[in-house]
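In what comes next, chain A is part of two complexes: it sits with chain B in the first one and with chain C in the second one.
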Partner chain A sequence: MIRGLCFFLIGVAAIQVAGWVGLPKALYVTKAQPFEYRHKTHAEKSGSAECDGCHTLGADGVFAGLPKTESCAACHTEPQGKSAAEATLVSSYVKTEKETPWLVYARQPANVRFSHAIHTKRAKLACERCHGKHGESDTLRPYQENRISGYSRDIWGRSISRWKRVANEGMKMDDCEGCHKQQGFDTGCLSCHR
Partner chain B sequence: MKTQKPRRYGMVIDLDRCTGCGACMTACAAENNVAPGHAKATPRTGLTPMLVQRVSNGGAGADRREVFIPVTCMHCEHETPCVTVCPQQAVELDKATGIVNQMPQRCLGCRYCMTACAYHARYFNWWDPEWPVGMERTLNPGVAVRMRGVVEKCNFCHGRLHEAEDKAAAAGKAEIDPADYRPACVEACATQAIVFGDLNDPASDVRKASRHEDSFRLLARLGTEPKVYYRSKQEWVRGLAERGQQEVRRG
Partner chain C sequence: MKPTRRDVLALGGGAVASVFFTPIPWKLLDDASIWTQNWSWIPQPVKGPVEWKESACALCPASCGLRVKMAGGYAVGLSGKDGALCALGYGAHQMNWHPQRLTVVRHNGQPSTWAAAEAAFQKACAEGPVAIVDGRPGRGASQVYRQFAEKTPGALYAVIRTPEEEALRPVAAIAGVPVERLGYDLENTKLVLSLSAPLLEGWGGPQRVQRLWPAMQIIQAEAELSRTGTCAARRVQIKPGSEAMLAMALAHALLDEKLATGPRPAMSLAEAAALAGVELDEVKGLARTLAAQRPSVVISARPEPAVAALNVLLGAVGAEGGIVARNGAPAPAKSMDELPGTLRAALLDSTVPWDRRPAGAQEVFRFAAWRGGDEQGWMLPAPGFLEEATDNPATGARAEALLKPPAGVKTTVAFLGGELPAAQPVESAIVPLTCKLAAWPSAAPNGQDGRTAAWTAAWTPAVLAPLATKLHQESKLMPAGGGRRQA
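Let's look at the complex of A and B:
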């Protein structure tokens, strides 16, 4: 009887461990960025640490997102050093005039409308509020893609259970809605969907 | 921080100006990523969030009169039938804009709303949307493509409202410039038969036009308070307003 109960409890424990530790690991696949990029170095060399120096917001409210290859080509017509990243950038993208297929940590599903103009200009939120200290980073952190949904892990957040969630972690609809409700803003569906 | 005061977007369509060219239908499909019709699609199973209907007075020879009536979602304001019947809460009347919003991601495809809609303004996606190779580049990034199995309809080109809001926010303004928000059909109409704007704004053209003595609404007797108005100087055209679609088709 006692022996059977022990086996049962061991089994339950094993399943719990597999579910909470193993499954999250299996759910995400880590993908490599096309090449290494250092925000810190670029901020130092350009003399500007302002995000919107490269990630521009147009006067018409359209957020440009990531800079195009032609912006890179302004300095990187030839490799600036001997690193593999330099060689890849120049040979694969600058010379061929192709856009770099960056894996975007904060990419939302296609039916989500997020306005950088409204959040940064009207609500005066800092970029770091959602993107963390990405602009000061010396390396691109690993990009983890959900095998089922295809979305970045940043959308759900680091913690699978979302228990004791760190502030600003995750960009699910609940997270958007939570803040909007708190601030007393309109939460009509098509305000944030398209 | 201010947000914009509630608006009631609506439109007035001048039937005496409509030539039935169909530019509004084409502009609507292009703007809202409506895929080219499936080979098996019929007028009932195809997707025409804006549909120009041809109606006659039933006369023959010199007595015959015809009119083109562009029919779209009427954005009913009172007991909006589609909102009332939806079991998924996938449809809502947005208090901020007066626009009846359809959320395709929440829709389970039961089509109660299509039955409830007196104007046949709702359409079901019977097939996966498919574009001929190369044409996918013409897709509008501001509008999400709908999947097979969900209902869709006109939302007054909500993507354009988003663009206008973004522009206002970038300029530091709380209110959008009314000139920045015009649905695709309004823009495409060659005879400028459609006037669009905020019915709450006393200075707007749409409010004045909606209160003109020639203006009327389709099936106003149902009491759903549509925000799409029509106008015509012709008595018989105004008389069509209270007739059901079947009666109109029979002429």
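Let's look at the complex of A and C:
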């Protein structure tokens, strides 16, 4: 009886370790960004610490997303230093006029529609509310891709349990709904889904 | 210690019992559901820089201006350039992905090839006569069709006339101008007397009348209540098919009241009013309203010479707010309905509606972007929405193709070996039109004179209504007890 109970508890323990420790390690693969990028340095050199200095909203409210290579080319027609990242930017993207294939931490599935204009202009939410202190970082975080869904780990959140250690952790529908409920804004399915 | 079978079962039992307290099933279920959205065969919008381009909608003659949201070379959203779009217009870019999209030549419902279609068409041209039918004349492509018809022996160019154009044919006959040059100047009209014309139901181009109404007053004379009738400022009940009778009665009333000058119809006022089923006082009141509310115009659903003559008496032909002539209109062309019944073949442009084809054509070559209809003859895959240069015949403006058509698609212009001419702005302006009524027209367009039409109008309700009632009463669907369900 005791022996059976021991094996039962061993089974419980093993699966708990596999689920809470092994699964995140097995599920996510770390991928490298095309080259190193420093938000902090760019904010200091450009003299603008505001996100919308580079991540602009169009006159019609459409979010431009990541800056195009032509924006980078304004300063980086020639390497601004001897770093490998600088050489990659200039030789692979600026000179060839190709867009940088950044791995986007906040990329959502195609059936999700999100308006930055409504959230930042009308609701007056700070960018950090969802993206954290990304803009103050001196280095890009490792991009961890979910092997099954293909999206960033940031969508689920860093914690596999989804217990939020910080307010901006996670970008799943539950997170949107939680914030909307907190703010008292009810939305229907088609407000965000197409 | 050697593990036994019982130990393995206990270990497994512990694992299974506690797996639901780990993220394994829940996280994997969540990821698997997202994974199913990303299967390679599920179409996904292309990711790429978003840009807005301008074009024109080609779904209907209104040619609404479009703002097209493009991502990675694909259209992902549409909005109106100068206002809203219709419900179909907002989703028109999705039509190119319809499962019934035609990308392969089909002959009598079976897949075929462009080479076979071209060979069959050349053979038909050699044997002749062949008709090229244009559903929307005045475009750049229309010029190519005309040129092909001119240089090919036995080939004819024909157009699809709208009911509005057909209704103007009697006016064109009286005024001696091609019907293509005539139009209604409704933007300056104060009052319209509609004789069964569905003015608020898509008549005269989408949204045109809706935009002008209710500032433009509508009086609807009709036999059966229509949506236009319910919205009109006033509705006059007439007998079925008696629109010409009412026009003649109104002409008499205008002349009697000295509100107009000109020839009188042969039929008397009392007789015409009786056949139309309208009281004499109401006819006279209507005539006075038409004269007082000038500029006014009378519009009929069908070509009625009596209505055309009434408009001339009213002074509506050639006057502002009435029926006007313009230059820059498409060159006169034969209507598809006027084509001979001995055609060897007919080539139908993709703008020709599915239910229209020349009567008697032995072989039909129909261009279409989507499958449909009975699929008899040749079905030739045409470019879809925004996949070919879009013409606006009213302005001559042309929007270039924004989207790349799928392989296997060809334009009618390319099939005929032509090349789309450069866009040329149309200088369209209203020109003077003088029109005088020498004598009251006696023949109706269908060959009946007024009395025959009136007789038909009279016997139709007199005979058909009792007949329908009798059929209904004898129907086995009728429950016992004279139509009332027995308790």
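We take it that the second predicted complex is superposed on the first by the 189 of 194 C-alpha atoms of A that agree within 3 Å, B and C clash if a C-alpha of one lies under 4 Å from a C-alpha of the other, contacts with A are read in each partner's own complex, and residues count from 1 in each chain.
We adopt the following convention: a residue touches a chain if its C-beta (ideal position, glycine included) is under 8 Å from a C-beta of that chain, and two chains touch if they have at least 3 such contacts.
Just so it is clear, the structure is predicted and the values come from calculations on it, not from any experiment.
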Taking the superposition on A as described, I'd like to know which of chain B and chain C A:15 touches: first, second, both or neither. second
Is A:189 touching the first partner chain B, the second partner chain C, both, or neither of them? first
Chain B or chain C: which reaches more residues on chain A? C
Could you say whether A:62 touches chain B, chain C, both of them, or neither, answering first, second, both or neither? both
Tell me the contact category for A:27 with respect to chain B and chain C: first, second, both or neither. second
Figure out whether A:123 sits in contact with chain B (first) or chain C (second), or with both, or with neither. first
Kindly classify A:142 by the partners it touches after superposition: chain B alone (first), chain C alone (second), both, or neither? neither
For A:111 in the superposed arrangement: first (chain B), second (chain C), both or neither? both
Chain B/chain C common contact set on chain A: 60, 62, 110-111
How about chain A: which of its residues touch chain B in the complex? 57-62, 110-111, 113, 115, 117-118, 121-123, 185-186, 188-191, 193-194
Under the stated contact criterion, what part of chain A meets chain C in this complex? 3-5, 7-16, 18-20, 23, 27, 60, 62, 64, 68, 99, 109-111, 146, 148-151, 156, 160-161
Interface residues, chain C side, partner chain A - complex: 3, 6-8, 10-19, 21-24, 27-28, 30-32, 34-35, 37-38, 44-45, 49-50, 52
For the complex, give me every residue of chain B touching chain A. 1, 3, 92, 94-97, 99, 101, 103-106, 142-145, 155, 158-159, 162-163, 165-172, 174
